[in-house]
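Listed below are the structures to be examined.
What follows is chain A paired twice: with chain B in the first complex and chain C in the second.
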Partner chain A sequence: MKPRLLVVDDEESILSAIRDYFEPRGYEVDCARELEEAEALLSHIRYALLIADLRLTGVQGNEGLELIRFARERSPWTRTIVLTGYGSSEIEMEAIGRGVDAFLQKPQPLAELAAIAANLTGRDA
Partner chain B sequence: MQTSRLWDLIQEPQGLTTVFQPIFETRGASGGASGGGHRRLFALEALTRGPKQTNIERSDILFEYVRRKRREPEVDLLAIASALRQARGLPGKPCLSLNVHAVTLEREKRLPAWLAELAAEYGVPLDSLIIEIVEHAPPWSGPCFLDNLDRLRGLGVRIALDDVGLGQSNFRMIVDCRPDLLKIDRHFVDGSHADPMRRAVLESISDLACRLGARAVAEGIEDERDLATASAAGISLLQGYLLCRPCSPRALKKMDFMTSPEHFRELGSDALDDLTQELPRMVLG
Partner chain C sequence: MPKTREAAESALRESEERLRAVVAALEEGIVLYEADGSVSSCNASACRILGLREDQIVGRTSRNPSLRAVREDGSPFEPESHPATITLLTGLPCSRVTMGIERADGVLVWLSVNSRPLRRRGEPDPFAVAVSFVDVTRARSSEREMRWRADQHSVIADLASHALEGTPLQELMEKAVRRVTDVLDLARCGITDRLQLHLRAGVGWPDKDDFPKGADHPGAAVIVIPGRQRSWGFLIAHPRPGGRIGSEETRFLDSVATLLAMAAEREREQSSRRRTESRQERLQHALRTSAQEWRLTFDALTHPLLLVELDGRIIRLNRAARDLSGVDYDKAVFQHVSVLGKGQPWRAIRELLPQVDSADAEADDPSIQARDDQGRTWDITMSPVTSPDNQKGVVVVARDITDLVRLQESLRRSETMSAMGALVAGVAHEVRNPLFGISATLDAFESRFGRRKDFRRYFDVLQVEVKRLSELMHQLLDYGKPARLDLAEVTPDEVMAMAATACEPLASRCGVDVAVRSDGGLPQLHVDRGRIAQVFQNLLENAIQHSPKGKTVLFRAERVDGDRDGVRFAVEDAGPGFLPGDLHRVFEPFFTRRRGGTGLGLSIVQRIVDQHGGEVLAANLASGGAAMTVFLPLRPRRAGLTGPPALAEMVRG
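So, the complex of A and B:
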């Protein structure tokens, strides 16, 4: 069975790029654009991996971290990656404290992101 | 609230759609050894679907999203409007069961009056409507909630309690809401034929409903043996994929239980098998 991947970002171009890269490589990819949408999906679908932008439209602050906390509680089998263009060491420490598996800076080469995803989901890159 | 593409889609005129799942009534105490026998349509439960080709098209994800947005009241009203609109033209003016969050009943003081106006607009008799209370989180203890239930009852609308036996759908909720229908959660129905504990729960709720002047509904019937078990427990209102999956209004119009809803029909296992084989081609959800 294909590993199922949830990508959460408010930028359509990033969602498309990740989907277009991962789907031919054997992943089933769902895309969400807001925090509540991602939480609803995580509540009802079993994802192998969550890739979330740190900042999403809809709520002020670092919603990506909120999503990581949610995933840890409601979907503990889901591995997590946070992507950010605004990362500071404080935020990275907070993310690690919340149990994120990887904290990556944007822009992130897709091949490197795929290698990390493969490692987290136990697949060949 | 900032702009949300999904929220905008929900509010579009055809953003929400409705499919309907029948609740059947059996005649007699047990409906026969197999749970088959004479059945007729009792009501149609309106089930809401989200905007097509989105992540929230599925109802469970739709309402999870809506609850996280804390927008249950707006969506409940949109869903009711969609149900009444799409039920227009169904033969026999069947009873409709409409899901409403407890929080909507607490927050929307205008709900009974609004429902009465809408029903009049669509020519739906109020005594053919059932308000099914779902997701009974703490707001149900508020004064507006109970006042709304009284006013709905005063209009002739019946009250159903969903998921009886689970979470907040407990004895206090039953006593406070005084429901006409107790919908037993599928957790207790599924596998009841092989589980004395589940069977005891079915019998207990059936007996409780009877003593309260209400009726029990067994939800989630997917197995002939569970159907027979629920019937043997004295439960005469039955719902589940075994009997009929949720259908679009167009598919429903072709069903014989819709075209002769005032009459009990003999629906044996063979007829049900035919129906369930036919349905996947017509089912939306």
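So, the complex of A and C:
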């Protein structure tokens, strides 16, 4: 069975690029643009991996961390990667404290992202 | 053999008895303590001195409840510090320990105590301790008396010399009160205010009513301060509770009162003379005094200060000026300022002097800043002065403002930085999201069509440009990073190695060697390891990129002792060096002459070094290459001068 992947970002271009890159590499990719949508999907589908932007369209600025906490509680089998354009180490520490598997800076080359994803889902890249 | 043994035993007994007889007859008290601390025997003198029977001493320890031992200051003498105890524990003798014993009959006797360990041959620990003591109560009291008399004499002598020297009466009275209270160990002591009041009024005769009433001062001694016609006032001494003032003390107080009377008389005479003295005389006196005060003040100033004539001849110079120039007073006075030296601040003083003459009286005093060869910045101000006899001169002050200048520079930089840092970091964040959109799309595109040869060169161009932009964004964010240092003890060699290792791939790509040389034994620094490693990495990367293939970049470190202790690091390359006009601009953000460079590397270096209270300098080597020097102090001069506010807090996402 193909590993299922949930990508959460508020930029359409990023969602489609990641989908186009990962699907040919043997993943089933779902996308979400908002926190609530992502939470609904996580509640119903068993994802192998979640790739989330740190900041979604909301105002609080770190919905990504919110989503990680949700995933930890409701979907403990899901591995997590957080992407951010903001290089603040405090947030990184917080994310790692919440059990994030990888915390990556944008712009992240997709080849590297794919290697990490493969590693986390136990596949060959 | 038994005969021999008997003879030996009897000889022993005899000798013991003889010894016992000698000990018993001694004036000294002798007490023998066993190893367990109990008394095994004592002589008659010991009983007599301590006021106890033999059976009250033998078998007891130094904690004998019938005796209370005190020290000279009256505090209890703990049994642990008893000479017998100390000798038992340490095996060392104690000599002439003064100990007060409150006997059961209430008499306090003072003893001078010695203790000696008694050892058997070949055994290190004493099996007993012999304590001997003499009664020094009488000697002690006469010694005290002597000391007391000597104290009194010194008080009188001291007060007399002050009275003769013309110490102001008020001061003399305060001094007398303090010393008298001290030497007689009084509860308090006072002089009736009348004395001062009457003096001020120019009369000096208190009324009868001013005489202190005995009832107002119970137990106090009231001593008259005699006057030529009537008394000046009264010295009133209050003894401590239980104490009293005897005839001995009263005589002493009388002497003090006489001295005070003398001083009061003198002051009255002076005040009446002052009224008749001409204004001129008083002025001269005031001038003399102020000249003296001025000279003292002048020398006390830490800034070099000169008084010179307009032609540059030195009239006066203070101690700091003499110390700085190394020229003695005699060698400098009436000479031209050029005798003080060729360097700064003296050169600037010479150059500035001519401007003083032409200076408009209303204009500000001319000033100039000069940097000496030790890197100190001097601020030199010249103030023209005219003496009463119309002589013109200039007061020159040279202030060392090195710290101030450093602080200002760093403050200015950090202000620019916080404004720019906020903007830059904000822009960087906003750019990184669309940039990721582009790079991710490019990656997806390439993964699908990358094999098509006609697309390949477009991918290559786009990927290089995206990488360049990413690098710029990364550096911009770094530049705008809040200044929060993670300080730790760091070995210089360790950070140097970290940076050199990080630069290895670049160095091998460029065909340049990096040679790390350190003095060895460099002191540890209190720095942010990661940030300082980044400083060196940035410097090394620059040096590598500017060095021709096959050359070596030298990275070295040395200890600096002096004005500020620390470590100086240098990165020297074999490249073309800086253009002379660029030297002062290289730390400006976005200043770069290298194609593809962001122009932020050195700005980041400067910022981090600043945060550590250090200094970074750009220079050219005589051989032509560039040399970047970083000085890091062992102890930062100041803390908290950080750059932009916490940007991460402002714009974090």
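Simple rule for what comes next: the second predicted complex is superposed on the first by the 124 of 125 C-alpha atoms of A that agree within 3 Å, B and C clash if a C-alpha of one lies under 4 Å from a C-alpha of the other, contacts with A are read in each partner's own complex, and residues count from 1 in each chain.
The rule is simple: a contact is a pair of C-beta atoms (placed from the backbone, for glycine too) under 8 Å apart; a residue touches a chain by one contact, two chains touch by 3 or more.
Keep in mind the model is a prediction, meaning the values are calculated, not measured.
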{"item": "Touched partner set for A:Glu34, first chain B, second chain C, both or neither", "value": "first"}
{"item": "First (chain B), second (chain C), both or neither touched by A:Ile96", "value": "neither"}
{"item": "Comparison of chain B and chain C by chain A residues contacted", "value": "C"}
{"item": "Touched partner set for A:Tyr86, first chain B, second chain C, both or neither", "value": "second"}
{"item": "First (chain B), second (chain C), both or neither touched by A:Ser43", "value": "first"}
{"item": "Shared chain A contacts, counted only where both chain B and chain C touch the same residue", "value": "none"}
{"item": "Chain C to chain A touching residues, read off their complex", "value": "429, 432-441, 443-444, 447-448, 466, 470, 473-474, 477-478, 481, 648, 651-653"}
{"item": "Partner chain A, residues of chain B touching it in the complex", "value": "2-6, 55-56, 58, 60-62, 64-65, 68-69"}
{"item": "Of all residues in chain A, those that touch chain C in their complex", "value": "11, 13-14, 16-18, 20-21, 24, 54-55, 61-62, 83-88, 90-91, 105-111"}
{"item": "Parts of chain A lying in touch with chain B, wherever the complex brings them together", "value": "30-37, 39-41, 43-45, 57-58"}
